[in-house]
Amino acid sequence: MPLLLAPEQAIALDRLLAEANVFGVDCKPVPGSGNPLIRGLGSLSGACPEQISFLSNPKLQEQLLGCRAAAVIITPAVWEEQLKGRDIPFVPVLCSEPYLMYALLAQWFDRHRIEKLPKGIHPTAVIAESAQIGDGVSIGPHCVIEEGVRIGEGSRLGPGCVIGAGSSLGKDCLLHARVTLYHGVTVGDRAILHSGCVLGADGFGFAPDPRGQGGWAKIAQLGGVLIGDDVEIGANTTVDRGALENTVLGNGVKLDNQIMIGHNCQVGDHTAMAACVGVAGSTIIGKRCTLAGAAMTAGHLTIGDDVHISGATAVTSSILKPGRYTGVFPFSGHSDWQRNAAVLPQLGALRRRVRALERQLQESGDAESCQTPSQ
Amino acid sequence: MPLLLAPEQAIALDRLLAEANVFGVDCKPVPGSGNPLIRGLGSLSGACPEQISFLSNPKLQEQLLGCRAAAVIITPAVWEEQLKGRDIPFVPVLCSEPYLMYALLAQWFDRHRIEKLPKGIHPTAVIAESAQIGDGVSIGPHCVIEEGVRIGEGSRLGPGCVIGAGSSLGKDCLLHARVTLYHGVTVGDRAILHSGCVLGADGFGFAPDPRGQGGWAKIAQLGGVLIGDDVEIGANTTVDRGALENTVLGNGVKLDNQIMIGHNCQVGDHTAMAACVGVAGSTIIGKRCTLAGAAMTAGHLTIGDDVHISGATAVTSSILKPGRYTGVFPFSGHSDWQRNAAVLPQLGALRRRVRALERQLQESGDAESCQTPSQ
Amino acid sequence: MPLLLAPEQAIALDRLLAEANVFGVDCKPVPGSGNPLIRGLGSLSGACPEQISFLSNPKLQEQLLGCRAAAVIITPAVWEEQLKGRDIPFVPVLCSEPYLMYALLAQWFDRHRIEKLPKGIHPTAVIAESAQIGDGVSIGPHCVIEEGVRIGEGSRLGPGCVIGAGSSLGKDCLLHARVTLYHGVTVGDRAILHSGCVLGADGFGFAPDPRGQGGWAKIAQLGGVLIGDDVEIGANTTVDRGALENTVLGNGVKLDNQIMIGHNCQVGDHTAMAACVGVAGSTIIGKRCTLAGAAMTAGHLTIGDDVHISGATAVTSSILKPGRYTGVFPFSGHSDWQRNAAVLPQLGALRRRVRALERQLQESGDAESCQTPSQ
């Protein structure tokens, strides 16, 4: 990939570390090892001489000495045990948490990119008079901001976003192109919303219509969506509005792409879901849970705090105890699968046959020797 | 949630019931119990004193006496058996079908909201000269209406909708923001289409390309999409156009979010599908079916009327008999799952072992005693 | 469906075949059988007298003699064995590969439609000054083309597309309405991108945030997306940008609707995926693979060339050997499923019980007769 900064934008290592390290992680170059100019961030194997890199996965340790980066973030232990006293071609940066520091450096480079994007309100945006737009808000071309909307200071909306009547965004939100909020959706500060996500579409509610032959009467969805601070929502993810109350996502919730959150759900703080997860209506999920890709939950369940659902698992009943839960049919070669899957419709019968064998052997054992068979 | 009507918009209970009850459901307040002003609709536990509520789920019956709503819809039986003669703080409204009446009231409040939205054709909409736009149609900012489109009277398009050449919408349709119809898509009356849904994208059809190494020749999709009346389609759902004929959704079909309907499918009247369902191409689904969340069907199947598919079930062959069908791997704690799933690749072998035991015991029984073993 | 060409546009069979047959497939009418005017393409059973049809699926052979089309594409074998010497109502067109010829004819009719669409750059499109727009490019209403974008000659963008800063499209691409490319996305020649697809949204990467209670620090995604030539991407499909390197789709890759490709994935040439497939991050998929609908793969896997994954299968480990792989719980009537699924949590125990029976029978056999039990 190309370098992220033009040559004239190159930043000295010490200044980069100081600006990026917003968490105050313990992180500094080995004294006297230099202060190179940095223009990007690369992997150990892919970094070029004007980039900074990092070692966090011990499996990649062997790539360290071949790394061409100008500086590499490592733990003090790696320094002491492997590099100290050797002739190394990069500036070693000692850090208690290289992976976190990598995240902070990546954020720095991305902020740098975003700050250079066009600012202000594009003339093609359609903004209702009653909308309250905070200071420093950027609104891209062809956005539509309806009546009564509030957008907090410093928020940035990409092209083609639609914010429905009475909805609100907090401060410093980043909406990529073509994000849709229906009316009555409240989003907290620092949200990152990706293209194609839809917040506040109608929940799926119908009453049987007694007039017709199997028809349905729509239950109009009168609740809204309430989203906390520091939430990220992926591309083409949908979060439906509540029937009467709000659908709620807590602080720090992270949703990947193409996730579906049904109406009236509540998702606890810091819970993260990978792509293609579906959560059916009225299910309550606790804090710090993870749902791996393509996991699904039925509706009206309660899932407690610190529950971890494996990928492609269908959760059909509540889970109150923390831990990891799984339900996946193991894949195999197709003909092996056919052979084994063919037994599934007979599993109940198979168990009965085993029971019958056990009884039979017990009886024959009893009859023969009056001994209890070994079990 | 906030009240749905401003104080000056409050509506008297009798008028609200009369206006909302478009089905003529049997529904009236107990005589002499008052005619309070209503400003919203709430759940039994959440309603505030200016709202109307309802009891339809018997499990919530114990919340009834603590309900703070101004009026509550109940069945005559609940009135007779539990409330009559007691001092109750709300107006009891007796109704043969409280859940349906709740749906109708919710519709009334939502209609009230929609009627207040901006009307007319926004100047930023781009509308082809040959398009036929019915009376009372509203078209939002940045919509694009291509050549030969017809839009029936009273329909309303939110911001950023695109209606492709020659497509048509019936009367009184409601398209939320950013709905896309390709060319050659026909939608009936009273459709509700949610943001991000795409009707008429190309079906997935390729012929092996004999020139290349594994390449594919696109089969351009020349059919269209034909959708009946009273259909609702959820956010980010996709319905592909047919290869040569139309993909067809019958009257009253209800599709939730992120559903995929492949090319050439036919879905019968009043069939409803919950979120994340996938129906592969050329499958025919009957009337009044339900597919629960994340159910999937293979292509070229026939599913008859009144078939109900459980969530997360993969349907791999046709189903002609009404009833409920399921195929889900039951989830469990991860280590339990590991233990049990490890047996699956040996199921065929396990069955053979049981057979062998049965034979062996049969033979030894025969040999020893000439008796038939108990079974 | 209506005929694709107006009466005055009807094209003679010989000219249609010549223009459509861009692959030079062996294909010609039986001499002396006529040269009818053609206005469309239909199925054997649905074609009307001004259409051309084809027979490729042997199961449909019985429909041949009732076909009302003006011309039908058949193999020489069908001609020799079934039609020659008979009085047939259509012009027989002999072709070595009728299905491929059908694809080429369908392409011809669709090209005809597309060539009639409005050309040029719509005045409502917002195009950055630094964008490089090739000759003959069409850009629809309300598109947004950001700084530094390059669009190759002959490409066509439908309404509402957004091309992020520095991204590029090759020649002769077709973007339907509302396609989104983030910044730093490179697409090759002749791509077909469907509505609602999002290329280059952030991959899902977070580091545990040591400050908070279970919080996450975003790993900004600095890589891009790199897409080869002749790629088709379906409606509402998402391909995330890489963390540090690019996410890569090879030449000729075909993705259906609502597919999710995670960050850092690599998909080999000519691999095709049906709708609703999910590929988690950093997984590498070989050439000429197929993933059927709703198949899922875990992250960080390697799947070799010529691997075929069945629908609804979750791939949880690498697959290096070509072949077909499956893992689906077979569906059945709900109560049958309940009975059989109830055994799954006891499979490990069931196997132990069978082992115990085998041991017991072995021991009793040994004790009784010093004979090895039959197995």
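Remarks
Note that the chains are named A, B and C in the order they appear, and that numbering of residues resets to 1 at the start of each chain.
Definition applied: contacts are C-beta pairs under 8 Å (C-beta built on N, C-alpha and C of every residue); 3 or more make two chains touch, one makes a residue touch a chain.
Please read these numbers as outputs of a predicted model, since none were measured by experiment.
Annotation of chain B and chain C: jointly contacted by A, touch as defined at the top.
The two sequence copies chain A and chain C touch through a face in which the numbers common to both fall below half of the numbers used overall.
For the pair chain A and chain C, the distance between C-alpha centroids works out to 26 Å. Residue positions 124, 142, 160, 178, 196, 236, 258, 276, 328-330, 332, 341-342, 344, 346-347, 350, 354, 357, 361 of chain C are each in touch with at least two other chains. Chain contact summary for the complex, chain B toward chain A: residues 1, 4, 23, 25, 40-43, 46, 97, 99-100, 102-104, 106-107, 109-111, 113, 117, 122, 124, 140-142, 158-160, 176-178, 192, 194-196, 230, 232, 234-236, 252, 254, 256-258, 269-270, 272, 274-276, 287-288, 293-294, 311-312, 328-334, 337-338, 341-342, 344-348, 350-351, 354, 357-358, 361, 365, 373-375. By the touch rule above, chain A contacts chain B in their complex via residues 124, 126, 142, 144, 160, 162, 164-165, 178, 180, 182-183, 196, 198, 201-202, 204-224, 236, 238, 240, 242-246, 258, 260, 262, 276, 278, 280, 296, 298-299, 309-310, 313-316, 323-330, 332, 336, 339-344, 346-347, 350, 353-354, 356-357, 359-361, 363-364.
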